[in-house]
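In the two complexes below, chain A is the common chain; its partner is chain B in one and chain C in the other.
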Partner chain A sequence: MSTGASIATPGGTGWQPRVAAMGPVLLVIGWELAARLLTDAHVLAAPSAILLYLYENAGLMSRALGVTLTNAAVGFVLGNTAAIALAALVAIWPASERTVRGFALLIFCLPLVATGPILRVIFGPGPWPQIVLAALAVYYTTFVPLLVGLRALPSNWLDLVSSYGRGRLAALVHVRARAAIPYLVAGLQISAPAAFLGAMVGEFTGAERGMGVLTIRAMRGMNVEMTWALALVATAVSVGWYVAIGAVAKRFLEDEPPVILAAPNSETSGGGWRRTVVQLVFVSLMVLIAWWGFLKVLGLNPFFAKGPLDVIQAVTTASDAATNRDTLLTALAETSVYLVPGYIAGLTVGAMLAMLVVMVPMIAGTALPVAIALRSVPIITTAPLIVLLLGRGAAGTIVLVAVMVFFPTFVACLHGLKQAPGRITDVFDVFAAGPLQKLVRIRIPAMLPALFAAAKINVPASVLAVTVVEWLATGNGLGSVMALSASLSDYDMLWSAVALVAILSVLGYGAVGLLERRVLGIYAPEQLK
Partner chain B sequence: MNKLQGISRRHLLSVGATTMLAGSAGLLSPRRAFAQSQVSLQLSWLHSTQFAGSYIALKNGWWQENGLEVSLLQGGPNAPVEPPVISGTALVGISAADYTAAAVEEGAPFKILGVAMQKNPFAIASLAENPVNEPSDLDGKRIGMALANMPVLEALCQLNGVDISAIEVIPTQYSPQPLVAGEVDCLLCWETDLPVAMTIQGVDNVTMLMADHGYSVHSQTYIATEDSLANRREEIVALMSGEVRGWEKYREDTDAATDLTLEMFPDAGLDAETQRLQAERQVPLMFSDLTDENGFGWWTDETVAANIETLGLLGRTVTPDLWDRSILEEVHGA
Partner chain C sequence: MSVPVTCTAASKTYPGGLTAVSPVNISLAPGATTALVGPSGCGKSTLLRMIAGLEEPSTGTITIDGLPPSEISRRGDLSIAFQDPSLLPWRSVRKNIELALDLARRPKVTQDIDELIQLVGLDGFADTKPAELSGGMRQRAAIARALATKPALLLLDEPFGAVDELTRQQLAEDLPAIWEAGDTTTLLVTHSVSEAVMLSDRILVLSPRPATIAADIKIDLPRPRRSEFARLPEFSAHVDEVFAFLSQGVPGSRAKAAQ
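Let's look at the complex of A and B:
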């Protein structure tokens, strides 16, 4: 594992790697034994049975993989290109930041359950709904780390650029772009499994072939080997993709992270709450106009394409408004019970594990592949299985949300911890400071911007996870309300639920942002410029 | 409805291209009576023997004979049928009376043109050692089902005088696994879906068809908009006559229909045994004395009245004019 190797101390050769490699081997042996003991439960397939299935159905699986991988790859390129373009726009024209961020966030918060069928109607038969869903699943997780990366540089570099009389474009090209590359890599790595998941969910909207289509078939047919074979292939591809990006990045990122020694800036920008409110109102208005315009431009039929006014009516003046509000609030309560603990657990475990890997590099050999694999297993294949193993109560859903949140946090924190400036570490070494001292005093402060970036990204990601689980496995909460209202043609309710999910995600994001400003104001003021 | 909204740019382009092609073909083969027009049929689920009658019609060129180039659009768990039909992407869609009634309540101008499944496929599946053979057996059982189907269970209980509060509902989705694992005692599912999967996996199970206990909701119904019925009547008649021929052929030999399905969709991950059993099991749902007498897809005032009653229990108010038999009458020459 390239990322793992880069963390390991250079001196750790000999028996250490062999011990580290034992972890996954033991895991596979345990899995095989457990599966053989539980054959009657129809939950777990043994690795040997999965391999046999793959061997016997190699043609079917490779054709399906080809289709899904192509769509995921096109979506990956489109989504990440959009992310880079948006981040560049913000860097060149900082005044646009709030609007761009607001729109980007809002579109990312639109739940797949609702966007899928709309995309199908817009694009008709073919691969485009899958590609667009893959792109939508990745662009935001690249955009946010990029925003951080474009600022992760000593402020005197920017001063230097301006002292030569050059503007923001030059600063972007010569200084910010280079500083942002490690963050871009983190974003691209997180994108790999997300793109694959997006393409698979896209196939639920009526695609002819692909891994998502086979997943539905396997679940319905109670074909345990097929379900696990699909999960295994999807995981292997996502892990391979992730590792490949890491390897490519490692070839080109030889430099030590730059020293960030910015003078604390007491005048943190923002300009008070009054300006914030004005900007918020402005962005909200823009969003409503864009929503309305989108429906008009595409000429979508008002039977299923509901505008802002329809939604406002549905929850205020319509004859069934009280029932609608009640349905939404009940569903919201059900969803929050899973969402909030899962989110917090995922963040905590992700950050802790990243610190543990830095402190005890030996465990990277086991922790990294397991972490990547856990996150790469497409949630649509695991949701029913995890819920079955952990019960239909809160535990199963909370774990799934935590798994979705955990991985981006882990990757981001790992990158953040590595940003600890080498020269400062040297100073600590000179004073013979222990690893714990260095962790607390250098690495954790260096990690905070990345942790907050991950915490923000994870607000919509965890909402996505919880609604998908509710839709496919538990059948309650907002995810189920959306699926149900689509099948009953209650599109007023569907769009109301979408609006509610989007608004709450944005608010959650904003709350994390407020916390971030307070904390980073102390530890990483260069981020607030 | 604004007519223009129903016509997409793609549609205009394809119509233009077809007209041009047909024009040049006409020069070469003057026998061809009219141009091939392209239409789509929106299926309600993934490709499988559930739609084998349509595949037979396609494969044998029975639509082409009547000047139709038909694309079969696959459905899926996140692919509602109504939006493509109302927006004109599909000329006809395969829905069910309860979904169509819900859409009509929301203002969609749909009509039911034909009924493929005379008997609703909803069933209660249970394990042979702890069977549910009668609605009264549900008393004290844990039932696994999508919460979305709660009104269905309520209707069944009401029709058969069963106390619903004595049944524990556990939400499950898309899998027979909770029943096999003993997490629930029975499942609310389709007769032709999860029970078939269990039988193939060697799980001994029994089913109770809800249609045998008063639950009358036409399923796999063909729907189109009023606008299409008025303006694209010939195409709809041609489409439905191909469907009727296809399904009659299907009934003669379900194994051949299964073979054709597997041949046409090698990438769909279909299991031959499962498909064969599913194809057999749906025959008694689709064909009855009524269809023997009047032809595939038929209904009478009595079956519609029964539907209206059950739909009422599901909270849907509908009138008999949701059903429009004129297309079938033309197809069957009645």
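Let's look at the complex of A and C:
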């Protein structure tokens, strides 16, 4: 960072780099002071206290870290392998795209908090629930960039393959696969913290060892140092993992990994409303069949393995259907109260801050790399901290959701803003347009697609955030219903909650997509190809 | 082995409704070299891509050796060099050439590849990535890639577009030997009339878009051709003839400017 600043001001006085280096030092000092002043509040642990805790409990922490890291790594490999396989399938067989993407999105929308307990009863006490959750947390964020990457190539390269009479498989093997590697790296980088987070959430659901188990213990025992230490370690490991992937990629690739969050427009898209509806119905049917088949094939005990029919009965014809519906709707209302403001605040602040940053060229240069690196912070693992800081009320939950939404939005918007075509900005320079005018006329339209991409991917992410906090701390809303029904073995309710959340997330994602088409159609039609 | 090519009332209208090629009848004799010349945007590349089987003709049919182009492609007997070199940036010149051999399921003979690289004047650059080559060098690498499979039908889209005049002459003198030796049917698009005369047995002059065949000129200069031929009176006569047809239907100034 300091080198970036010194490059930005050649021949400058040299105070900038020194300030940049001083920043973190001042931060730590301020933190230490604040913590010492607030010792009675039991919210902030001083850096010295955290270090002391880590030193004294090095054995415990490193054992827990080892367990979680192993699970995360296995999940990372499995989830990313699945992502690569899915993307390859779409590349070889484009007709499958809509179905594969629909499935992938739906599975991504499963609330990890409830999937965890279900996996727990399926797999028992071992590491597999954590591993599967880690895999579930990562595959989508790799799948989406890969889809983009497998297509981001000149059509002549593909024509070359066809001119030798070879098909899609050869195109994949000889051309697309290599062309997609920078995109794969981008996906893998984002999935590193996600894997760690997935593993920790899995451990919340009754594992015996690991960072997640310690986190729960720290929260229950109101152990401030331990909570902070765990969050710090989780963050440091995730950032390290993220940076390591980038460093390895840099050694082997000339090209920088791209910053992409957007799902590509479907190659087979178009065909209007009717076709979309038909496809939606088709994918939904496939999902129901897959759900039912999954339970049948595994031969799971119907006591805890509920199929689509059980869930429908539980909220329609069962004797307790009315209570079930009530519980779910009440919880849904409670959750929305946190979710919607947090989501909107995160998007707004992310977009606004990105706009502010590009208007101040001095920080614009360093802001993007820093923001990209910040994406590697597993926000959920800091949930206990935010609860410590802001309490178990609405504020804490809303802030957490907002923070969760903020980072990807900020990065995407900043990236989008920087994409404003240079030529056009030059033309505006000639007419001496001010930075504000440039922002309104060129940059915001250029930012919109990125903003919407972030808004879409943040629907499931914010649901994850809100349910985790409800589950760990606040004790109401859908997260708590899931936790409660898991501990009471009310599997009808648990599966119903999973289905409800997944459906609503997918609908939310779709609604943002529709809004995107509307808005882009008006403000940036050229982005809609 | 060489193959005849037949286009029967083949035309191309792009999905947007733009007609690039009106129905044309073309038949290319096996082993002959034919040049396509015509104003920019008239549909030359489109015609080439249809013959390569990369675009379906909107009407009419195209056969190569009596078969649809896809059959010839499948045998690995067809090569096309695109207007832009389209080299894979992560592969060196040699690896790009090997890719063609892999795709065509031909054996990779190191010595043959080396010879080819030398022939296009890239010796010393076999292991260089495209990004470190000049535009003209990239084009030569793409030509080498197209030639590597010893195709029965060779389609070249402005193969010497970004090459300087001297290298261009050199290539025009050296390369035909390769496809003539292999008895290859060759169709090349070029913007240089004298190059068309120098290289080909026959020149098809295309009209402005939508392309129709404005003239079909036989070039009966002896082979092998040498650069001194350019000073022969027959040569200039052919050049003038092609220009005369090119300027029909095109604003006169343009044809003159091209001269």
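In this section, the second predicted complex is superposed on the first by the 352 of 529 C-alpha atoms of A that agree within 3 Å, B and C clash if a C-alpha of one lies under 4 Å from a C-alpha of the other, contacts with A are read in each partner's own complex, and residues count from 1 in each chain.
Convention: contacts are C-beta pairs under 8 Å (C-beta built on N, C-alpha and C of every residue); 3 or more make two chains touch, one makes a residue touch a chain.
What you are looking at is a predicted structure, and each value in this text was computed from that prediction instead of being measured.
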Inset, instruction - Considering only the touch criterion stated at the top, classify A:Asp159 as touching first (chain B), second (chain C), both, or neither. - result: second
Inset, instruction - Figure out whether A:Gly240 sits in contact with chain B (first) or chain C (second), or with both, or with neither. - result: neither
Legend entry - First, second, both or neither for A:Ala218, with chain B first and chain C second: first
Legend entry - Per-residue touch tally on chain A - higher for chain B or for chain C: B
Legend entry - Touch list for chain A against partner chain B, complex: 41-43, 60, 63-64, 67, 112-113, 116-118, 120-121, 124-125, 201, 203-209, 213-214, 216-223, 226, 299-301, 303-304, 384, 388, 392, 471-476, 480, 483-484, 486-492
Legend entry - Contact footprint of chain C on chain A as seen in their complex: 154, 156-157, 159-166, 170, 174-175, 178, 254
Legend entry - Interfacial residue positions of chain C with respect to chain A in the complex: 49, 52-54, 70-76, 78-80, 82, 84, 86, 88, 90, 99-100, 102-104, 131, 149
Inset, instruction - Sort out for me which residues of chain B touch chain A in the complex. - result: 4-6, 8, 10, 40, 46-47, 71, 73-80, 82-84, 86-87, 89, 99, 102-103, 105-108, 146-148, 170-178, 180-181, 183, 193-194, 197-198, 200-201, 266-271, 274
